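As structure tokens, the structure follows; a few thoughts come after it.
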């Protein structure tokens, strides 16, 4: 099997995630895009693991770690979003601009 | 007995003392100033130890060297040492630090907070001493920068007038300068693969190509020129001096300015001799402009501290002129001028600080006249310091300037006639210096009224000023005290230049 | 420690000690003050007993520029005789000051500065090292500033002090550069060696002596740097005596004498000296004739008499110059101290307040008359012989026997004779206005106390007798040989010649006639005419130096504030403005930030890839 | 790895390509759909297809982890999140921001650069997917033999994330 196949899948998932990350206003959708990007990376991790095929299983282990961290990230992210929602009634990220610089 | 611990101890003692003050809490406010005196006295003793251990016979080579690997990946090592070029400056720094500490005991400037004030002074001491002892480019830079923060605080919190603005100008200007200098250092390090000043001075630097040398020399000189300050990079100095507390002014003029010219002699001249030979005539021109400009601007000032600040521009011009000759006499003169200016201008700022403490101002418009009568001893000291500063032979200020002229008669670079023109112009500057100091004395010291109306010099002031007064006279009468140490080291430096001459 | 150094150090230490403890007791201050110059006098006397000084150069072995202390000294006839004169006059001045400055609150610092002044002058005299010479030279300038400004409560004194310092300092530009050239060109700081080396190279000799001449013009108050000396009258009278006779002004002439072989190798410089001396000699004498102030008359007369010495140097006779220097020192110190006694008694130095004092101040009258006669040059006083020696020297030069062109000798001869007439005129006028006629002003007048008139008497003795020493070859002519800096020649007696005697007697009689006519108090004037104000030299300074300098200062200050400062703050505000503009992109939109970052990253990656690929 | 011709796809290639196409297409739907709930559902499809891809790549354990954690936990969490933030049900136009063009170019550029890079580097590399699948046993051994320390660190991370999430969500905190 071609190594480029999973890699191309990985690249397209990542690119699509980037698009979502940049374009979506709803923060939950942004989180989903981030998941897509993580998945893209995971695919290539697994593909390279199979390519190397060594006893350490480094790629797959790292993929598992990534999945775990993704879960943690979603948990924390959603908690932050809920807090944001409670504070200002919206989770549109282009409205969360408290850290902007006001023109002096 | 090995005495290599002396130099690190000189740095560690004030550093630890500053740390102690940091953790000591409020109750330290009462004993902080005395603690400062104690620490500076220890520092002074250590310096005396270093002076005693220093072998004059081999003043040309680095002594009391301490080496330790630090960041080998970046070619940076922790390397300290002193030779004839740096030893006098280390001694001067310790002495002025001690004088400042003694002065502070009873005169912590508004708004008080002795603990922080003394702590910052000690931190400043670490930076200043470190700069003069560092033998590694990056370490030098590090200490060079360490000085800035305490000085900023001293000006911004204990200063007067537009102190924030002055402090910010000071720090922005000098940081800009040192960034440029750092780029130059990195260029040298990348091109030669070493940050060891001794190695670089010993011929490694000369292996750089002409263009790289020139670029590095311009960058480093640019940074050092801001600190010196060389005309036209001097504008931070008058503001900083006017606003700084007395002790800050003393250390600023007495030590900080020397770091610039010291860097030139220590790093630029021996490491990048080819470039230096090409730059030297331009440096001489800037130096002479600084001499004349400083004198004339001094005459036009309406504030005592600004007059002295501009006079520093002129005096450092003589130092730069000495360096630019690249000759043995000239560089010796520059190093002597450094020390003399530190002692004399330190004393001047102490005295002016005393005047300010008594009258609340340094502006001519509001200063009462007739200081000779209202406080005869203070007036005498003002006169003495002013006379020393205008370069009276027999006092310390003269030799640096006169020998810079002698050096300019026989510069190591080929442009003899050009340098002789510079010589004459610089001599004119000596007269102009007399003009503005006489104006000061006439305006402040003399005048109608012969009542004794002011508190005269107090005992603690005498204590902290006497070393400077004595040194002004002693160095004026026996200049060889400095020359015997600097000369062998300067000869080493000039030797490296000799190879670069066409 | 060598004897000459001890001679310098005694008054220097006295100055230091006097400054330190003089404030406590006036008597102690006075004792210390007298002890300083007196000690120097004793040492000078001891040195004098060692005549002839076969080993005149006391080389300390250090004569590079980076030496422990420039302590090499010379002890030859020139140095010892001038040192004797200096310490003698200084001692008398210190004694005199005890009485004169009785009411002075700052006596201790005054006396200390006088001692320091003496020390500095002695340092110049015995300096065997160029650096020691510079030290003494400049310290003297400082002391003159301090002493002229002794009464700094008065604006006049403040102004005069600054003027004295700055005008001489302008000359010192030349002096310092000249010394630098000498050191640089000859490679030594030892005076004899440097002089010898320089005199064998005409270029170096001309440049160095021309530059040093500038300093000499300043110190010895020659045109155009003379204007400080009349104003220096603002200082106390004993200070004037010191400056005009023993120290400051003598230093200039002495230095030329010391460097004489080098000057002889530069005839152009000698010619310039002669011209300057002639202008100064006659001009100052004429100005002296119309002064309305006792001390100003004497001051201008000093300028004029100094020009005689410079002229003598210019026409190739160092011996005549030194002879006149010594004799002038005696009678001019005498005149100033006498003037001080008058001022002390009358309370004013304006001629219109003084008059008819003959009866009330007999000692002062006698001694001052002797001084004035010496100044005029009446046989057999010292002034007669020394002035004659100058005339003889000029005559020699006119005959073409010297290095300078004959016309220079003629010029000096003619001007010197004419000046004798003018000198006689102003001296007679001064004498008449001071002593003769009715008493002007009121209040009782007393003779000065003994502590003041004793020095007058002591100075009158050499004024009367000193001239005869020149007639004997083994006396003065042998004594003032400068064998440290030039080979020992066969000294010739400084005997007057018949022709010059005749000329000067005629001139003198004419001068007395003129002086007699201008003796009346109504002719005193108010000192405001252009002549009385020194022919507008001050105005010329003002227009040529002071005003341009102030304009330059103004420009510099403006430039500093408006160009340099503004450039710097412009860099600052420019940065702030750019920052403000960049700030607008910081709108808090995370997605825009990420887009930008990503785009930048991609561009960077692509550039890297492309560069790596190619 | 084998020395077969580059252009002769095997069955495995075809299966992988199909699964990948599904994953990519549904991912595209996730970022473009106008209904927020649909996006979550498309995410399920996409992640499920990726899990299938893992199976093809013989990463059996990872595939099941993907199914369990992503499909089971993450998506459910996301749905809860939508619910709690009162996400609009039905099509909505303001799900997508204004910088669509920039985002498009940026993402295309990223994809293109990475894609070119990948093809350039590994265009002709083959991998062998006929081996033993990495079962739970294999992965367990690898994880607990070689990766114990990161594993434990990760557990601490998870714990702190848990604590953090709770702390943030408590109604009386923040605001």
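We just call them A, B, C and D in the order they show up, numbering each chain from 1.
Operating definition for what follows: a contact is a pair of C-beta atoms (placed from the backbone, for glycine too) under 8 Å apart; a residue touches a chain by one contact, two chains touch by 3 or more.
Quick caveat, the model's predicted, so the values are computed rather than measured.
Chemist: Could you quickly compare A-C and C-D and let me know which has more C-beta contacts?
Modeler: Answer by contact count: A-C.
Chemist: Please compute the C-alpha centroid of chain A, do the same for chain C, then give the distance between them in whole Å.
Modeler: 91
Chemist: What's the distance between the Cα centroids of chain B and chain D, rounded to whole Å?
Modeler: 64
Chemist: Between chain C and chain D, what distance separates the C-alpha centroids? Give it in angstrom.
Modeler: 98
Chemist: Taking each chain's centre as the mean position of its Cα atoms, how many Å separate chain A from chain D?
Modeler: Each chain reduced to its C-alpha mean, chain A and chain D end up 8 Å apart.
Chemist: Where in chain C do residues touch at least two different other chains?
Modeler: Touching at least two other chains: 591, 595, 598.
Chemist: Which chain A residues sit where two or more other chains touch them?
Modeler: 18, 22-23, 94
Chemist: Multi-chain contacts only, two chains or more: what residues does chain B have there?
Modeler: Within chain B, no residue touches at least two other chains.
Chemist: Classify the chain contact graph as line, ring, star, complete or other.
Modeler: Its topology fits none of the listed shapes; call it other.
Chemist: Could you list each pair of chains that touch, in label order?
Modeler: Per the contact definition above, the touching pairs are A-C, A-D, B-C, C-D.
Chemist: Show me the residue ranges of chain A that touch chain D in the complex, using the header's touch definition.
Modeler: Chain A reaches chain D through residues 1-20, 22-26, 28-29, 31-33, 35-36, 39, 42-43, 46-47, 49-51, 53, 55-58, 60-61, 63-65, 67-76, 78-83, 85-87, 91-92, 94.
Chemist: List the residues on chain B that touch chain C in their complex, please.
Modeler: 169, 172-173, 232, 234-236, 293, 296-297, 299-301, 329, 332, 370, 372-373, 380, 387, 392-394, 398, 402-403, 405-406, 408-410, 423-424, 427-428, 430-432, 434-435, 438-439, 442, 445-450, 477-480, 483, 487
Chemist: Could you list, by residue number, the parts of chain D that touch chain C in their complex?
Modeler: 97, 99, 102-103, 105-106, 109-110, 113, 117
Chemist: What part of chain D is in contact with chain A in the complex they form?
Modeler: Chain D residues touching chain A: 6, 10, 12-13, 16-17, 20, 23-24, 27-28, 30-31, 36, 39-40, 43, 46-47, 50, 53-54, 57-59, 61-62, 65-66, 69-70, 73-74, 77-78, 80-82, 84-85, 87, 94-97, 99-100, 102-104, 106-108, 110-111, 114-115, 118-119, 122-123, 125-129, 131, 134, 138-139, 142-143, 146-147, 150-151, 154, 157-158, 161-162, 164-166, 168-169, 171, 173-175.
Chemist: Can you tell me which positions in chain C touch chain D when the two form their complex?
Modeler: 591-592, 595, 598-599, 602, 605-606, 609
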